[in-house]
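Naming follows writing order (A, B and C), and every chain is counted from residue 1.
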């Protein structure tokens, strides 16, 4: 029995005019009485189509990056079709919105009393056995159940029998923990391990109300992408062991940034409170990595709060510490560098770290070149660990095609950006040259920043023989122990700037926390060292770079937006590519 | 007439006309002096001699905090930090940790719970926010210390306050239904009364016992929400 | 030489007595206010708190002496000294007992036979405002500065009615010497007290004296609700105590003057008259004077805890629109009576008449103001209390 609805009710004032049956009209669909136009070849389901008009159809199991299973039943909507004669025929049953494609003439009603009743009933069912332990649950505050219960639910339970509480799992992985009783069986995590990491550790075991998520005995979920199941879990069932009970999520302040641990340059959010980083979460960015991030990046930020960071600058004379005061060190360093450059212009060198932001590299390079046009600029060591690690993998750990996620072997964020800057300034030396001639050098400016060390002991020994050694780093090293000047810099979470990833995507890193004690963001150090007035502004430097370097022309706007811009070696952003991928 | 003058809630009062004697101030002064002198001659002090006489405080007085214990003597707090979130003075600092393995029914507990009694404004919002009835304000009002640190009450000190005050009739334990709050016993918890408003049409919520639906006529419950 | 020693002794006794009295006056005031407000007052130090002044003094002495970082140090230190010094100085010409028929070694005045006594007192006491202004300015604190500005405006305004109200007495007695003023009243007996012929002057004098001493209801310069502490906001310890002493000494001096000018000084019918020749008559006279002064002081305290503080514009209105014209008229009346040799009792109805006249003018002015305001508000379509156009 088809339900026929009169199509005479006004659709909306604006779209009503465009509803004439034209010959080559755009394919259109109607969501909640609002018309949307579908583009050529676009494949949307009801949830995505509703997002177009800014309407949220609640859903748990559906995720844009995963396959559709339509198991949670939260997205049930009324769907029908608008016939060419203008009448609308609705399907008698509610259908899951995630599984229903929207095509020309599709009518979706997602806010009718029928739909609301279905949402309420579904939520009540999902909550039947869900424990009321929000106070102790880490997900509270960003929990799909909480949010939807508040918006669509009924607020109390009619269940009289005891809840069906399943015991928590002892161990399912090194980084993740499973509170089985909180699970609503959306199977996002299972699908992720099957489709994305390909490692398939997580499974649904048992049936019916005994259903639960588990791993195979002896095969814990320890793949390099395992941390993502915590973000995927819409409730508090899968939690990160690292973040467990550390902080309530409503206290965290998010800052958009970029993961610095490999050259993939995943878009992330730095979640901090009170100058303390608590976790990194991936930020969806189709230009860089998609929706996820790897565990190396997710948990590889602890050095930010390490005890042994450089927390004050140092000026040494004959091995004795003379001062630890920035106001003293910056002018004296300016003087020392000027003197050295004047004495022997060709015997000055600088090592640029691939951990520097493009702006920092630009300020330092232009400052050193202004002292002496013959200043030699070298790119520091680029740490490479093994091979690129691609996902998904098969059961035996062999990579499969098509690749959906890559952990790159190049363990630094901005090798490409720094070398683009250095190429612009020309006369690029290699690290090896600098080390070989270190003992003859009048001045050496070495920038570190790699928290896992960047110098061999031999290299450090060689470099420290330069007449004037300046080290800018965040951790002490064999070189900083002997350097004449040590400048305590900031980690990626403390700096403003931009990183260029392996394929030329420039993204902004933003300052999330304040650097500890006397450490300063590198941008500020270099800004003051180069004698600029006012406060360090990454946007101002980017505008300067856009004028000076053709390859960085895309920096002209100052801001790079949330998803960044793609640079190519010859300048001019690939605007078309950006536009296409964003859609 | 302006809108302000039309407003019925506003009563405009004319300045009273003053007569000759009022203009000389003398009657007012004499009247005032009479009043004050009457108080001196008919002296009935209302002062409480504080250290010797203690005041009788109302039951809802909000004094020093305590952390309640459950039946097994463990700290009732589950470290949800809702009190710290609700606190307008930011005086509560909690470090949460996974509960010790000896407590199988608990997930989380406060490894450290520090309340700055000097910073606190004793508004009682922590008490209201607490989902497990763990933090309560007692009648203790004479709080002194010789240093700021002394008044940073940690978990043990707050539990001590509970031990001191639990049998005091002025500080009844305000636990719901006389037992642990929901977070600690969700496994066997009977259905709770609705925490959110009930829609008039919901028969089960109005039923005397949850889950029992009485055969009302639809018109009955739709017209008269309880 | 003997004269010098007597003078020094008198000074020592007088100053010592004043300072002690001030300490206990403060206790009395605190007790009195407590009784009025159904409290107990100081009752912890000694029985009924009798040692409270000692405890206060000790506290003032051992308290940390704070000088604000950017204060003008010299001025800051000088201000309280000026405040106390000037008020004490005024006491030099005030007779605090009979000055004629007592043993020679008992001289109840520090500087006898000063013919410009009244002028001297006004000259010196109005210097006290320097202490206030300097204190307020040197503190480098806005509240202090505001307080001292108010004090200066107030003292200048009230100096005029204060001086002019006394001129009537001076004209009637034909002298500015306080000893002679007392003598003139004592000679004539109870009905010769100037309060009978100069009631209006007495009222004006007393009111202005309160304002001069910065006592409530005229303590605008230190009102806590508006100015924290007024000019002595930044003062603590002994420097604050000096300001306090100065203020109370001022009260004592003014009470003495009130009694001496209008209430016959040491004279009291039958008990202490110029003719009393019994043994210890001088002592009785001193006691009579002191009890009169004490009553005035208690009255001042009663006023303080009874009448709320004036607003500053009211304070200024009172002085310039009421007290000054009244005192001027009163002076002219006295001059007229003296000039034409009328009976001085004419002054009583004249005073009352003046008082009534001013009262009537005040009332009609107020009514006219209200009427005018009504008319204006109706004309403009605005409500008198504002709030139009909401």
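Operating definition for what follows: a residue touches a chain if its C-beta (ideal position, glycine included) is under 8 Å from a C-beta of that chain, and two chains touch if they have at least 3 such contacts.
Because the structure is predicted, anything quoted here is derived from the model rather than measured.
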| item | value |
| --- | --- |
| Label of the chain whose CA centroid is most distant from the centroid of chain A | C |
| Distance-to-centre winner among chains (Cα means, whole assembly as reference) | B |
| Chain B and chain C: spacing of chain centres that average the CA atoms, whole Å | 52 |
| Between chain C and chain A, distance of the C-alpha-averaged centres to the nearest whole Å | 79 |
| Chain A and chain B, separation of their C-alpha mean positions in angstrom | 43 |
| Of all residues in chain B, those that touch chain A in their complex | 78-82, 85, 96-98, 106-108, 131-132, 182-183, 186-199, 202, 204-205, 210-211 |
| Contacting residues of chain B [partner chain C, same complex] | 1-5, 12, 15, 17-24, 29, 32-33, 35-37, 39-40, 43-47, 49 |
| Chain C residues within the chain B interface of the complex | 32, 34-40, 302-303, 305-307, 355-356, 359-360, 362-363, 366-367, 370, 381-383, 385, 387-390 |
| Touching residues (chain side chain A, partner chain B) in the complex | 131-137, 140, 154-160, 162-163, 165, 179, 244-246, 248, 250-251 |
